[in-house]
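Order as written gives the chain letters A, B, C and D; numbering starts at 1 within each chain.
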């Protein structure tokens, strides 16, 4: 059994315990042990980076130090956390000068970044530690007939040089994982473009425009739902649709699912255990199709 | 022909050279069969005045180890020169000043301060340092004057042969003794070590001779077969006389240069920096050298071109 | 031991020098130097009556060493050396000093000091000349033959030039047919003629004028006397020395005997195997036995080993009327002896698949320009039609994307230099033949820098080619219409465009030939960071390499259009001819030599030698020692400056000679702090000369010593100079990337840095040592640095090296 | 920014100032090919943001326009441009560097100051409400482990983040 330190970040515990729930269930069921670390903080994502790049590196490195001390690799459910921590981890591993600079900051809290651990997105854990084949064998409720639009968002893939999750131009990981559950992964236009999530709060208009395009393209391609791998994208597309309804006076009804929720369903979970009622756009259409 | 008369003397040195003489093992029997040892303070009870009493040139060969650190060393060097037909500078200290030659980075006062006052183990509440004469009960005591600059034997008197090394390699001592006993000696002024460098005897493989980073020995994972230079470690082998059979590199320690510079070189440290400058891929690497003098001149500072640090 | 008799000949430059220098004092001083037997004074010594005096003294045996003080050093040196040689004295027993530019003029404000410096200069010259030994010249034979690697435009042109000059030439091409990348390109700019059109052989003068051009297969290239063409062949090994290379060529089997084939092509008709035709971008198929296009040389089919079923089928053997097909042919090794080699391996198109956003690898309608060129070619797979590969329907909208993999720091940072012209040429050809086709070129910058090139840009605009200033971010297929869309910002409009396209043509970068690295390795040539062959000197020796007798030309050096390739090829041919012409290399032996008994096998010198002139050999008693090639050594002394045992020396710059010179220069005192300036004989000393010529003043206490290259300098020399009384030392060499011996000045710089570290430890101010990198025109920089050095030393106060014991 | 860097930055031209900062190092490599602009999802929907223009303005030294303008805050950090830039300009990082400069000068959008104050107070940029925290057990989730607010505070004061933030507060 492989053990990981689970890095929750901010959005998930604050807004999406249902995501955490499904991810914990699925991973545990597939033989991954998750350890919760004390004293973690925000991963220092783009909003913090915008204020001070050095601070964001130091904060990310601090959190990695906690994992180093625990002797565990980190797994994240959030692409934002994945990106912040991976970028810091790989930048510092590759740049002695920068590492020393950040370690001078960390010495204030008695930590030293060593670069001895890796940071993974839970999709990587599913592919690398569980394996597609084993995943398929565990599927007790095939999702065949479901047309799912895989949505990668940005920070799971880019900057690719520092993340290495998948090919940033032709990613397959989420598509493969969707198809492993028996569903069909549908192609749609501008699949790899941003959900606009990071503009929320600064320019809701632009953020919604970007999210809207995703919803339209996916429905045009005949998708039953959009599958995300990041709580930020999830909010942008799910909550986003409610806001779109009032802003554009149009009807949007595209269910948004975390991949882990889809996975739990395929592994045979009762939707009630997953607290899916928290979704702003109801996912009953999807449930009807797969149950 | 009668038995040869041989003398050994020990000036400023650690005593290792004396041990090396004993390390020739059973060869010593052959030596004493063919030669009488007439003067050897470490092993025999003979006073200076006995040496002074000897006729000039009455000693056939004198092996002189140690550097010239003080007045007494110099007096004895001159005395033994006068009494000996052949004077051999024996060991790094006599030949190149040796490790103690690094004291030429300081002067008498700073050496005294460090040695007699500052070292953590020193208890010297009255701050006594050596004086050349001291009044004591019963008269005046004289101590030899400690020089500001340590000299090699050749900087003091004319030397006939050099047998460097810290201590000199045993096979070379044996060869030298055989040459002396047989009278089959090279031209005066020669070294009794081979003219090649340690590299010539070293089994390690040389590769591209490019140094992009200088490391100290503990910073590398030695593969036990690649030349230290090609692993980024400064090894004095290229600028050091052969004769030791590269015993340090063979024991996975880079050469530190105890056999002294090659026959056509006066400055061992400068010689190795030439090679280093050629091998560096980036001039900035130069800054990674920790203790350059200690690295390049571990045994030969006193014999180098500039000989010592300037004292203003 | 020879009795050394030095004659010193002092030119007063037509009476100019005595206005500054006290000639009587100088003459008196020189007379007193031991070994000097004759001192003469005249207005000039490098020609006329003056040189006769030197000749006379040598001929009559009065002197056997000559020191001349003359103010035209280089010219004078050559004349004097020649004259002395004629008089029967070895020309390397002469030393020339320049008292005008090196002393009187730059110190004319301090005549007394200048006089003292003149004494020092003459003393150093006399002491040096006393230690000089005669140096001989050696001749090495040069075979009258050459190998040209690569049968593209450049290789063919160079091979024909050399063959027609009378040398025996082998032209080898790794493909089965001549022509190279150019042959695939259709037509050429700016001549608008066929790609396969080259110069015609001058041996053909009976029927056509020698100025005419012809297709490769009509050019008579195969009939040029002395020229032997080997196709389907590659170099596998090169041994030997310049002038006498032994080359092993592997000739792969063609399975069709060139001497028997009559070119009827019955075999091709009969062959049942069809495979995609790579040469034609896979747009059509070809047989297992094939020729690329009808007009190739040799006009003999070749069998594709990977596709042919050989004896299982053998239909071609059955139909061949001349019994030319031999399915059992084997690869053979051919050994060639040549004096010179020209590398003309060309370049190839970059595979743009790695730029995934352009989808070259998975959208069939995204192609490259070479593929488009095949479509435009009437002999090509579409007979000149511009079709979409996906469905073979005519393309109506074409978008070309420039700088694909060029000017891209992720792949090739350089500008491939010909892609703009290729795109313009193709756009024009398409528009002229099919005005209805919409052609858009997306560009970052349009570069049309050659003569007559801009007119292509104009013509394209006239014809209605559209230009969009912007590099597209991606090519994608609209999921609904399945058409290609090029997503680009037009920076001039400040607007985003989604350009629909039937065909997207990528102006893919041009990169080094696949075997460039292998050939470089075989020949010991250097490649640039870009992977192309590196020229000896981009400005002055653009077709030469560091390996004597080996030349480079055409696209092997950098992507080139046809005119430039031709030009380059002719240059390489003339350089090769010049090398071959005498039948021998005469080389004086002012070279390095290893005292083998002292060589410690540390193996630094073979690596550092910029000319690969040093190798390791095993001696009789089992030691490995370095040995210098008398042919390859250029006498720079970089090895000398490296050797930690002083086991290697230049014959005319021995350690004793250098030390003697250092001490002599510093033995005549000056009122200001003495400085030794060690200058290389190239840019370093040229800058000193030029400062003198311009009468720029610097203190006469700066004493100049000339060495071949600063690479010869050792750290010991600095220390010896200080010990001999120098208060400061300057090293004056070429700019580090302009060193005439490649690495010398760079290494000298590092030695200075290292020595500064040592000096600091010795308690000597590191500022007493300085490296100055100059070029000839920077005499003012030298004078300024010399003045500053002396000022600095005056402030520091004197250097007292050994205090009393 | 480290003190030495700050001192170096003073008196530099704007492009150099940006290039001397963490994240801004690659700005001068830009040759205005526009790949970033056509890669940018935001630029396609608003005339107020174009990464190519933003870099051009910076390279021309239009410091005020860049730092006080709206554009630097409109980047959605999707890294599409950076991924495809043929000159390896780290465009997203350059924009962070520009935002850092703006922040140092007290120009910061309210949403970012909300993030910053939440971070300083809770160690998270989004607060976990008591309600949600209590709900965890009913969902069957383990209780949240304490955050490292104390360590974070020390890190933020070591990097000067606190002061940056306070400066904004004063403005």
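As a convention for this text, contacts are C-beta pairs under 8 Å (C-beta built on N, C-alpha and C of every residue); 3 or more make two chains touch, one makes a residue touch a chain.
What you see is a predicted model, and the numbers here were worked out from it, not measured in a lab.
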Shared interface partners, meaning chains that touch chain C and chain D: A
For chain A paired with chain D, centre-to-centre distance based on mean C-alpha positions, whole Å: 21
CA centroid of chain B to CA centroid of chain D, Å: 64
Intercentroid distance (Cα basis), chain B paired with chain A, Å: 69
Averaged-CA centre spacing for the pair chain C and chain B, given as whole angstrom: 50
Contacts with 2+ other chains: residues of chain D: 80
For chain A, residues that touch 2 or more chains besides their own: 169
Contacting chain pairs - touch in the sense defined above: A-C, A-D, B-C, C-D
Contacting residues of chain A [partner chain D, same complex]: 8-11, 13-15, 17-18, 20-21, 24, 36-42, 45-55, 58-59, 62, 66, 101, 105-106, 108-109, 111, 154-155, 158-160, 168-169, 190, 192-194, 196-199, 201-203, 206-207, 209-210, 275
Chain D residues touching chain A - in the complex, by the definition given at the top: 1-2, 21-23, 41-42, 45-46, 73-74, 76-80, 82-83, 90, 92-93, 96-97, 99-100, 103, 108-109, 111-112, 114-116, 119, 123-129, 132-133, 135-136, 139-142, 144-149, 151-152, 154-161, 164-165
Complex interface listing, chain D residues touching chain C: 29, 31-39, 43-44, 50, 52, 80, 84, 86-88
Contacting residues of chain B [partner chain C, same complex]: 105, 147-149, 151, 195-200, 206, 208-210, 237-239, 242, 262-267, 269-280, 283, 286, 289, 292-293, 296, 304-312
Touch list for chain C against partner chain D, complex: 357, 403, 407-410, 444, 469-474, 487-491, 494, 496
